[in-house]
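The structure follows.
A, B and C label the chains in the order they appear, each numbered from 1.
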Amino acid sequence: MNDATFLARTVLLGVPLYLLLVVVLRGASAVVKHAVAVVAGLGVAALLVLVMPPGSLSYIVTFLLMGSVYAVITLGLNVQWGYTGLFNIGVAAFFAIGAFTSALFTTLEPTGAMAAFTQQAFGLGAPFWVGLLAAGLVAGLLALVVGSPTLRLRGDYLAIATIGISELVRLVFQNERWLANGPQPLRGLPQPLSCLTSSNGCSYLPDFINTFFAPLSPRDYPYVYVAIVALVLFLVYMGLERAIRSPWGRVLRAVREDEDSAAMSGKNVAAFRMQAFVVGAVIMGIGGSLYAHYVVAIDYGHFDPLYGTFLIWVMLMLGGSGNNRGAVLGALLVWAIWTGASFLVDAMRPTLASISPDLPQRGPYIRFFLIALLMLFIVLYRPRGVLPEEKVVSLARD
Amino acid sequence: MTEAPSLSRGRAFRRAASTALSSRWSLVALLALLAVLTVVFGALEGISGSRLLGLTVRGVLLGGVLALGALGITLVFGVLKMANFAHGDYMTTGAYLGLVVMALLPAGAPVLGLGFGYEFVVALIVVMPLTGLVAYGLDRITFRRLRRRRAAPVMMAMAALGLAFGVRSIVYMVFGADFTFYYQGAARPVVELLPGLRVRTDQLFILGAAVVLIILVYLLLERTKIGKAMRAMADNADLARISGIATERVVFWTWLISGALAGAGGMLYGLDVQLRPEMGWWLLLPLFAAVILGSIGHVYGALFGALVMGIVWQVSSAFVNPAYGPAAAFVVMILALLVRPQGLMGGER
Amino acid sequence: MSLLTVEGAVSGYGEMQVLNGVSIRVDDGEIVSIVGPNGAGKSTVMKLVFGLLKPWEGSVVFDGQDISGLAPERVVRLGLCYVPQVDNVFPTLTVEENLEMGAYILDEPLKARKDRVFELFPRLAERRRQRAGKMSGGERQMVAMGRALMLDPKLLMLDEPSAGLAPLLVDMIFEKVADINAAGVAVLMVEQNAKRSLELAHRGYVLAGGKNQVEGPGSALLSDPEVARLYLGG
């Protein structure tokens, strides 16, 4: 690879590494933290781009990408469960609805021959960021509608209600073909800034940017997307960190700790719970949008309760709930375990084949099993996760 | 400071109205209202009365299977105060264990006018205690440790979900993801109960088996020492200990029975419909809807809820895509909770 | 040798220490009453004896056996039965079933034992098929005591048996306690109603601040004006 490609890739890979380091590093002043993160981020990026064989390198990029997408969703769950104690086992519903909303907003309704294969309720052909915002908005609306009758229920009943919502959303998307082509996949989602990797560059960007990224080919698109995802993750993270130290965040924590005394100090507990539920849902919707525009073709199988809900709970529990940093770390760690397990299973192919000829193709289910074991392990041996809740110091002024 | 008489009268009226509204009868009234609306809409949409009747009968049959699952869930909740989200997958386990047992037995001819042979019945009898032991074993290695630690409910729920997915993934690994049947392409004899109302003889057997099991559970709870101990523990676990009740044995029997009912329910459901690894998880929603409608922890409530939800599931298929059956049950549950959050049998709040 | 000896018990809930060295003795066939202000640790002593709490220091010896920290289900087999103050019946079980639960550890027919309880509490005999949760406070207290008597204990422990009952029922309960004792059962009772319980008791202990304060024959404590003033609210 020539220098120009190297530079372009390093910069793009450096962005997520830098942002993740800023999230993960602790202590020291902000200035020092950012300086270290920039240097380390770019340094590691450069090293990776230089040293790693192309296959492994693109694997690392994809890993960071999906890990960050899941980190966004885990942050959403953290607002609902970690901060407010709302037991949501229907994460997949909000994740999915965000993905499908973004798809519907950003694709165009098929015409002519294609219309025979793909049906969708509408298609606005809007740009990615519109889809992203719409995803959050619609997920938030769903939370509002769903939350009004159910948030007041006791804990385990609320859990059942969220399972119900999740199943209901699944059934609707799988059976109402006119809505989003379910159960067939909805394809052709646009990829933001994909023009950067094309030969012409992006017409709306200044020339020097296009020139800088010219050496990249469409195969390098994940580099661009990982930077976008990391940026969204970072913004969500910073927003939540700010929010949790605000008076609003304090009330949320009070509600989780002791609802009765929070109510007695005059706070409208129900309103706060609803707000947390909606905010969490919005973030999950945004995560859904990020997911959709990466995989480009979505169908409800992507949002199976295992991938769409359970995996995220494992992420949150492992990272230590009540803790935004923990949520991000947990997501990355569990995603590493999930993808690592896939390597493990692949490596075990011969052994599996010797046990039964059917077994190798059932590899994904072996991963299910390992993740279920991981959850049991966490619950039995590490209930506080890897990063227990840190004392949150609120910003002054009451 | 006293309020003006008209104000306090208004408040008293509102309180009386609110108490009346949240009484048990209002829940029954809600269900009756839904039934009436169903008939009315049915007439408007041109759905024949006999079709609705037929679906109601199917609903009762389904309710029998749901009752087995609901009983298992409510018993565990009563004694252990835990919502077992793995229960659906215990039903799946039973169904697939049945498949294995039946494969080990030489195939027999169909039993008198039914669509299955003796091997199904043998498998049913064998699978029940087997599934019960599995349920107990899984409790020993997971929930019991959490109980000892007085772990928070979310931990129990996450453990249950872990077990649910773990069990299901084993089924996927061993049997693959495809659906299957106990009897491929076998004849399914049908009988005509009333003119125009046909049910499969298998379904009558299923209902019969469910009723027999329910009666056995009833007898166990009401007439045997261990059954009374289960009810006592559900009432007050501390007092049970104080009275010298061997609580660990009660827990063992609770899981054994819950698992056995799950295994039977799974096999019967599999006989009626089909077997697939997701079958139990997809039943979880209507099962919990039934249990919650009847108030979680209350045995008669669970039976009532199962019957209602079975009917709702089947009857809704006259109006919407049959796939939405469980969703219809869910909606009814939500409506019921809005009227009376503690369910039918629950005490005053 | 005493039937029950609690020696220098120190214990509490979680981090909170409630008992600061309490010593109690009950002899065969005695009625012993523990009185004192609220929060004195009276109920805590009962829970300690019965194994619902572990002693941090000190010992509990019953019928010659060290039962310090022994689990309740084991204690019950030694002839010691306990009636808690609240939640002391199984509400969805019938009166008869409540009694049966009392004798759970036995494997024999229970008719004779149930009949003895019904003799003591004729009201319960009439209502044997009624659900305990639907009964009045006084009746429920009878069911609770009946359940504890099913094992023919050597020592019956009662935690505030008259709590929340109307005066007429209080009389009745104390009468029954006397009857139970007359049949040879030792009784250890914790009571808010100091006057009535000390009238009945052979001996009494006054507990305050988790410690023994005064001890003596029931009548002596009753007539001691100091005791009355300091601990019994005059």
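Just so it is clear, a contact is a pair of C-beta atoms (placed from the backbone, for glycine too) under 8 Å apart; a residue touches a chain by one contact, two chains touch by 3 or more.
Note that this is a predicted model, so its numbers are computed, not measured.
The chains that touch chain A as well as chain B do not exist here; no chain meets both. Counting C-beta pairs in contact, the chain pair with the highest total is A-B.
Compare each chain's C-alpha centroid with the centroid of every protein C-alpha atom shown, and the nearest one belongs to B. If each chain is reduced to the centroid of its CA atoms, chain A and chain B end up 35 Å from each other.
For the pair chain B and chain C, the distance between C-alpha centroids works out to 42 Å. For the pair chain A and chain C, the distance between C-alpha centroids works out to 59 Å. Chain C makes touch with chain B in their complex at residues 50, 52, 71-73, 76-77, 82, 84, 87-93, 97, 100-102, 104-105, 147, 151. Listing the residues of chain B that touch chain A in their complex gives 83, 85, 142, 145-146, 151, 153-155, 157-159, 161-166, 168-170, 172-173, 176-177, 281-282, 284-285, 288-289, 292, 296, 321, 323-324, 326-327, 330, 333-334, 337-338, 341. Residue ranges of chain B in contact with chain C, taken from their complex: 225, 228-229, 231-232, 234-236, 238-247. Every residue of chain A that touches chain B in the complex is listed here, in rising order: 81, 87, 89, 149-150, 152-157, 159-161, 163-164, 167-168, 171, 174-175, 305-306, 310, 313, 317, 358-359, 362, 365-366, 368-369, 371-373, 375-376, 378-380, 383.
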